[in-house]
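Naming follows writing order (A, B, C and D), and every chain is counted from residue 1.
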Amino acid sequence: MSGNTFGKIFTVSTFGESHGLAIGGVVDGCPPGLELCEDDLQGDLDRRKPGTSRYTTARREEDEVKILSGVFEGKTTGTSIGLLINNTDQRSQDYSKIKDAFRPGHADYTYQQKFGFRDYRGGGRSSARETAVRVAAGGIAKKYLKQIYGIEVRGYLSQLGPIAIDCVDHSVTNTNPFFCPDETKLEALDAYMRDLKKEGNSIGAKVSVSAVNVPVGLGEPVFDRLDAEIAHAMMGINAVKGVELGDGFDVVTQKGTDHRDQMSPEGFHSNHSGGVLGGISTGQEILVHMALKPTSSISISGETIDADGKSADIITKGRHDPCVGIRAVPIAEAMLALVLMDHLLRHRAQNAGIVSPTPVIPAQR
Amino acid sequence: MSGNTFGKIFTVSTFGESHGLAIGGVVDGCPPGLELCEDDLQGDLDRRKPGTSRYTTARREEDEVKILSGVFEGKTTGTSIGLLINNTDQRSQDYSKIKDAFRPGHADYTYQQKFGFRDYRGGGRSSARETAVRVAAGGIAKKYLKQIYGIEVRGYLSQLGPIAIDCVDHSVTNTNPFFCPDETKLEALDAYMRDLKKEGNSIGAKVSVSAVNVPVGLGEPVFDRLDAEIAHAMMGINAVKGVELGDGFDVVTQKGTDHRDQMSPEGFHSNHSGGVLGGISTGQEILVHMALKPTSSISISGETIDADGKSADIITKGRHDPCVGIRAVPIAEAMLALVLMDHLLRHRAQNAGIVSPTPVIPAQR
Amino acid sequence: MSGNTFGKIFTVSTFGESHGLAIGGVVDGCPPGLELCEDDLQGDLDRRKPGTSRYTTARREEDEVKILSGVFEGKTTGTSIGLLINNTDQRSQDYSKIKDAFRPGHADYTYQQKFGFRDYRGGGRSSARETAVRVAAGGIAKKYLKQIYGIEVRGYLSQLGPIAIDCVDHSVTNTNPFFCPDETKLEALDAYMRDLKKEGNSIGAKVSVSAVNVPVGLGEPVFDRLDAEIAHAMMGINAVKGVELGDGFDVVTQKGTDHRDQMSPEGFHSNHSGGVLGGISTGQEILVHMALKPTSSISISGETIDADGKSADIITKGRHDPCVGIRAVPIAEAMLALVLMDHLLRHRAQNAGIVSPTPVIPAQR
Amino acid sequence: MSGNTFGKIFTVSTFGESHGLAIGGVVDGCPPGLELCEDDLQGDLDRRKPGTSRYTTARREEDEVKILSGVFEGKTTGTSIGLLINNTDQRSQDYSKIKDAFRPGHADYTYQQKFGFRDYRGGGRSSARETAVRVAAGGIAKKYLKQIYGIEVRGYLSQLGPIAIDCVDHSVTNTNPFFCPDETKLEALDAYMRDLKKEGNSIGAKVSVSAVNVPVGLGEPVFDRLDAEIAHAMMGINAVKGVELGDGFDVVTQKGTDHRDQMSPEGFHSNHSGGVLGGISTGQEILVHMALKPTSSISISGETIDADGKSADIITKGRHDPCVGIRAVPIAEAMLALVLMDHLLRHRAQNAGIVSPTPVIPAQR
């Protein structure tokens, strides 16, 4: 229980269901003195927001966040920050048909079995709707990291079904509805999604997220390594089934001579590690990849059971994204920012005292 | 900080360095009444132990665990369990040469930068030596899970470099030094490792671990999902760079119709999810894969820097495993057992009250 | 940091300042299936509410709580519960004069020094206004404890300045504005407060809170003893300077033969311990006392300093309780309920397994 | 469960029973670079140690602490510190008679009921023997606080039965077996204890502990206030039944004009608050008092029940302190040091960033 809080000393506790009155949360541990207003958070909320393109759910939510506390005269006070986002466009009637049957590939069955009872409207708490609060909270972390440490957290779509995408240009990512950093792939993506929609099916995706200017030294051995907590954060995003740091699963076939990132006075020669060694940041770019499954909310009939265990067929109507991976980009950024923020404060707590090492090689992207 | 504790209500706090006097820890939250003695834990410690085959480090440790508290007249009392393993075969002199240089691909540089100071003997706290305590602690969880719930946790080597291995027969796994569940692959593994040793190089590996008879309902939405905590646990094992649940990265190219695990009164038709939906166990087999990098401790010279940032060459002598992935099998099992144990107790705390659901479909392997 | 969360597995995270837009919080870990609506919480909020008598602050707040999530079709779902109370009657202009001076006996100076910056309006986060959220969250715990275990948590005023009050009749407590369980003391209390108001001064108080029908066995050795966590909870209430269990400070002059609660097959002969032995509940009444200081917000001028460290005089205007202890009664009840709820779930997690002891003596009030 | 860890980011996890093989623990989060050796901890262990005077238990334990990890070349490395103290003088046979009966006033009954099973030898985990580990861990905190911040933590006996003791001179405290800071009271104490021993009875005590040079700003609103965590720590010491900060229960009869600590440019005029306002340290002396009950282990027969609920008489033989309060002095110091250390690091985490306030009045004792 108590699974609704993330972080150890920079913490986010969230609440809210897909079709409740509102979603929101409490951000605790934010340093005082940070200039902060709703506009700082709204940008990422808009990026995550449903209804922004024809390839995401048609549900329209304003996702307008309100900061209810913790900010005074435009600056954080160091006390807890209350966040609230009202739900405005719930069409609960859409879900009445799935009240008594478990959608395959969804949390319906597991919630019912865990709690003996479930809010079936739009998946209730298991809906990705709650991630809006993560994005808002992550926005606070992002601002602090950027302003005080120059850290930048940036995500992008790195694969959609069969279409692999290289990170050609970060500045392109936010100019298209796919968060695709390679303009030459946009047409193919568009065509693929059009066909998919016609088919009534959905598709998996790979999302990548990176952070630059992360100081060397973040991460706590042995269990709370930076990479372990990143994996926790990313695998906790709806639909994620795999997480990689740096070379990820490619290391299986690498030899020691291939993988080890050699060093010279100018810095590391390579970044196979993804910016983490021994669970601690190296000062290089933190590079994370994750795999997101195709949503099971599709209009092709599937076999399932009802609440009595009897056989049933189901078509998931409602308004759903054919590729949930796309909208995960700002969520993954938010989660990475939350992990970095928590670890920055944790590092600072223990290491502000006797010794103050200076990096012996330059920070690297 | 305080990264040395794992779990929320079944917790393990560990201490110890590669070349210190001893390693050990505190296991807190174990239910009372469990029959427990050192022998219950020694088996897995022996499986993890160095010096057991010619393909693992030649360091010989007895790894004899002592239970110092929490057990009375052969049963756990419900109070904290103290574990101690003495270090017996340290050859610290081996490491004097690396005192002033950072081994590439190791935690030397990051520890030095984080703490301003490091125990360079054998990697100090960053050495995989500390995982012996995890294995001992995991043994307690394993015994409880098996005895009270019939849950079995089993790992195996699923790939070594280019050699992929299917889980043909779990009973074969512990009969060979590779934890390989397919006897037909043993010769190839042996040949590959022989060549590798000659070359003085190392190789990556893929390790898989599964749990059967896990009740439906374990996992806490939204941040402490079962899969998120498994990812945390596995990515926190030394050398792991990627973690997958079920189909993992294969989902990127799957369609919704491929991935969704349909259900009938007899149960699920498939297990693409790896036994977790919405972050909660489905009652199916929990299936986890992880990628382990090739160790950077190899006898082929590499470029690095010394503590003053000056260029240096390094050959890592000492006694090292050419494939650290192999010995990770019992460690991965221990970590999965720790996660399941913690979540079992967490689930029990919240759900022992008003509602007691019975699964509507049979538990499945 | 992150001091705004209470509890370990039944947790409450709160936000909000005296003069912000709203106060609220997240209650996590509530078992599913509990019937719950706003009315269940409103009663205690009304008891705590300012403006209910001429001896409490004249500030009028509706303190109308909204449950934003975690309840579906009238029952808790097992997911996090969002609580919101709008602030309606802020008169921030009252506080403009204290913007640049530190009120003696208040948190003004310490907040300014801790955070370098403070929301001076009504004490900001340090105001007792935030306790409304505790009362709402405690109401959830109270309902569960009562309904599932028959546990009753009841507080009362046990002393106001020189007027000591015995717990003559719990049913009288809520029939008067003093939470006084002895009707014969009401006139004296009324007279005392009238004089005090004329004087422009304030007075300390002693508040007591008890719980009956608590099962034997709650409390976790060695640091999270039930009494230790109760002390944590009570000392964390604004203005509390002392906490006692059972005989409290009287034990200093007791001998072993005086204090030890002897037992017979009918139960304990006495309850000097206050219902806790070795940090674990005995099944007897849990009895807690606390001392609350007189508020420093009085209309008699005092010496202080301003933000530049220069000498200044201050009279605290605004609307304040001459005895803050009175309104602490429902707050203390809420905190005791939160501690018991958390420990009940923690106990359940560990002890639902192998052994299920039955008390060998009857539960006792 | 998991009650055996204290602290949030400077944590201590302990294990061990009165008559087990050893007691010990893990200290996590200690900043790197602190010079530390066993001798730094042994002094306080010797102060706490049984067998040092004729008024404490005759059990003789060397209480020799070993540091097993986390220190390299005489300095802390920033990784977890393993502590071990072997038990050497257990006479378990002494306890065979109490195996089947519950000693009144002890944890025997509650442990049996909680866990269904108990280690009856010397109270098992409920014995004050475990506090030796707290003293060792607290010694680490004490050294850091003293060396880096100049903070001094000092305890003393402030009352024994009817004999009240003023803190005349801290330097006298450690020169007598009573931890009494007033030499003129030694004869009376000696006489009182002699009579008590003859009687076969025990007596309660009041212990006080203070800290000077604590920086302004420690403590986390709203639940983890410094005073709330101090109360948690102190009420968690065996036999403590009451805790006070500053004027404590005297505030009940104080008026606002009596209690408020007025300020001038030279500092506070008084310290009724005990150095904590709004849960945050003021920079003044932190002053804490606690009441310790008389031990129930006395040689005067008492009425109790056996494991079957039948009536029984009991005389507690074994070797026991007639006043357990005396030896609590170093334990209370250790716990206060642990709280301050944890809060110092927590404060540093959040407040090392944008704003760095300078106290506007001088620090005060």
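The rule is short, and it goes like this: a contact is a pair of C-beta atoms (placed from the backbone, for glycine too) under 8 Å apart; a residue touches a chain by one contact, two chains touch by 3 or more.
All values derive from a computational prediction rather than experimental measurement.
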{"item": "Required steps from chain A to chain C (each step between touching chains, minimum)", "value": "1"}
{"item": "Contact-richer chain pair (by C-beta pairs counted) among B-D and A-D", "value": "B-D"}
{"item": "Farthest chain relative to chain A (centres taken as mean CA coordinates)", "value": "D"}
{"item": "Cα-centroid distance, chain A relative to chain B, in whole angstrom", "value": "26"}
{"item": "Distance from chain D to chain B - Cα centre to Cα centre, in angstrom", "value": "38"}
{"item": "Euclidean distance of C-alpha centroids - chain A vs chain D, Å", "value": "45"}
{"item": "Where chain C touches two or more other chains at once, by residue number", "value": "1-5, 8-9, 14, 29, 32-33, 78-79, 114-117, 125, 221, 345-346, 349-351, 354-355"}
{"item": "Chain D partner contacts - residues on chain C that touch it in the complex", "value": "1-6, 8, 14, 102, 104-107, 109-117, 125-126, 130, 159, 161-162, 196, 201-206, 216-225, 227-236, 238, 240-265, 269, 272-274, 277-283, 291-298, 300, 302-305, 307-311, 346-347, 349-351, 354-357, 359-361"}
{"item": "Interface residues, chain C side, partner chain A - complex", "value": "1-5, 7-11, 13-17, 20-26, 28-29, 32-33, 66, 68-70, 72, 75, 77-82, 84, 114-119, 121, 124-125, 345"}
{"item": "Interface residues, chain A side, partner chain D - complex", "value": "8-9, 29-34, 78-79, 144, 148, 221, 345-346, 348-355"}
